[in-house]
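Common to both upcoming complexes is chain A, partnered first by chain B, then by chain C.
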Partner chain A sequence: MAVMTRIRGFFSKLFGKKRSRVGIYGPPNAGKTTLANRIVRDVTGEAIGPVSEVPHETRRARRKEGVEINSGGSKLLIDIVDTPGVTTKIDYHEFLEYGMDQDEAVARAREATEGVAEAMHWLREDIDGVIYVLDSTQDPFMHVNIMMVGIIESRKLPVIIVANKIDLPDAAPQRIKSAFPQHPVVMVSGLEGNNMDDLYAKISEVFR
Partner chain B sequence: MPHKCTQCGREFRDGSVEILRGCPSCGGKKFLYVSDRVRNADVLEGKSIADIAQETKQEVLEVRNQGPASRPTDILERVESVRIVSPGKYELNLERLAESQDIIIGVDDGKYMLDLPSMSKKKQKK
Partner chain C sequence: MIQGVQIDMLSSDRLSRMTSMEKIRLILDDVRQGYIVVLEKGLTPEEQGKLLETTMMEISPGGFSGIEIETYPSSGGSEGGLFSKLFGGGKTPAGRLMVIGPVDQLKMLTREKDRLIAWASAAQ
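What follows is the complex of A and B.
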């Protein structure tokens, strides 16, 4: 087995096979950046970007290259792209509740819109696999989730669905599992780091 | 309600984005908002735009001076491909429509509706 891996490594080096680029997608406030930070921190000790309770904190895609996922003795090198929350509607009013003034909120709405376009651009052009993150306390049947999973399927990209925030008392990750029976679902808490090994095992299996 | 260029008197419809680049006729950067009542006063009564400005006490709008390498003004780099100005009234962002297939509908400032399927399609080869 080790010999095979070495041979594969040799050939991929020889022919310049690129690493799998895994995009972290999901609706706003699903905990995408928290999860991306957790993965990157577990591996490299660094972080990928700041998190906040205000939706659309991540308005530009952020990339971390060469993240080594170790699971069950096997290693997989991937690039991680943390993307802005994808949604079908953005209204600056939702930011006013977080104490922003009108100008700031309008600017954020605009940037968030550009962020969605950027996330979709990555999905269209440059992503080899998707980790679709959902907040376990929310209804998984939201229009945007059904649409995005449909788009990911139509692009024939491998996908892992992450039921995040299982540390919260009203989390119902089982709902997510029954909503997407056709895809592997991993239940984690990106914040607390629960079940991350299950996720790494799945990443090694699905994105290899 | 239109604006008029204070330099050459060219008229622009309300909400026109042309004036943000300066008057296309004379390159003037100052525009006066004119109500329908005084809209043709410059021609019919031989008044200068400055006279009308004084009369109506309207403030002259000055467009920021831009060098050739400066960034285009906000309104020209809108993120939306279509803006709903009011029911039945639309503004099409042709620049954006030409360069990508993404459909983003803007309603007022800071409200957007995004058509994700249009954003997931690969750009058609020319």
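What follows is the complex of A and C.
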């Protein structure tokens, strides 16, 4: 044991601190994958996963390793994990409204429930910090947000709250700020790319 | 028999004698029968996470489609931060009243920091 610890200590000194695994969490459709794609694409030119107006597009967590965040002359390497949207309810009828047939909608609902469970597993075991993404046109007090931020706090994980979709006319990012006064809130549009530098600065500060 | 919805109100005494899994099982068994459950003292964040995961395992397309869960959103617990931790002033959200019900029967109409308005219907 002692030897192992010493060896590990030696390696971590040699190669620097372990890379932080930053999970992108939030309710379905908040824009998590759009934001993850923008961060990853800004750096590597590739996307992390597909985006859709239909909720529960992401049904498996996806990780991108070694994403370099540059801000104010400093560099930080992190892993980005895009996770399925978390909710307490999934009804396949919702997907029928987007023109899916019954079988497709039922399959999507099943996968979505597994996706939520998977997101929770990652949060319990494999995540070192969280970017919690909220749609600024929606009510931030939805219980799922209060619950998730409560879980993140109880695990003492560093967190940045993102008030996303500020390009929309009925966006009210200020509401998100007053809902979570205890955490840093960054207002962005993942779609348009507004204010991404503010987000990179916060990432460099909070997940260092 | 009058038409209506059964409401199961659990005191904090009773809840404090139960393990996490017992609470979760009781809540989900009630909710799946179409009952509304009111907890005098809400679940901890950890227990809420477990409730969520168990709910996901039990959702079946065409059958059970999940839960609605609500508590006063702004408790002053986390807002109070260090101050409330030091002086025990603020309650954590887990310490507050919580209402849970089947998603197709319980709808939240208003969510304010000190007032919740819910609307419940009997099972179809």
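Quick note on the criterion: the second predicted complex is superposed on the first by the 192 of 208 C-alpha atoms of A that agree within 3 Å, B and C clash if a C-alpha of one lies under 4 Å from a C-alpha of the other, contacts with A are read in each partner's own complex, and residues count from 1 in each chain.
Throughout what follows, a contact is a pair of C-beta atoms (placed from the backbone, for glycine too) under 8 Å apart; a residue touches a chain by one contact, two chains touch by 3 or more.
Fair warning: this is a prediction, and the values are worked out from it, not measured in the lab.
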| item | value |
| --- | --- |
| Partner chain in contact with A:Glu153 - chain B first, chain C second, else both or neither | second |
| First, second, both or neither for A:Gln182, with chain B first and chain C second | second |
| Touched partner set for A:Asn164, first chain B, second chain C, both or neither | neither |
| Contacts of A:Val116 with chain B and chain C, given as first, second, both or neither | both |
| First, second, both or neither for A:Val106, with chain B first and chain C second | both |
| Contacts of A:Phe141 with chain B and chain C, given as first, second, both or neither | second |
| Partner chain(s) touched by A:Thr83 [first = chain B, second = chain C, both, neither] | neither |
| Interface residues of chain A shared between complexes with chain B and chain C | 86-92, 105-106, 109-110, 113-114, 116-117, 120, 123-124, 147, 151, 154 |
| Contact set on chain A toward chain B in their complex | 86-93, 105-106, 109-110, 113-114, 116-117, 120-121, 123-125, 144, 147-148, 151, 154-155 |
| Partner chain C, residues of chain A touching it in the complex | 86-92, 105-106, 109-110, 113-114, 116-117, 120, 123-124, 139, 141-143, 146-147, 149-151, 153-154, 179, 181-182 |
| Of all residues in chain B, those that touch chain A in their complex | 79-80, 100, 102, 104, 109-117, 119-123 |
| Complex interface listing, chain C residues touching chain A | 44-46, 48-49, 52-53, 55-57, 59, 61-62, 65-71, 73-74, 78-79, 81, 92-94, 103-104, 111 |
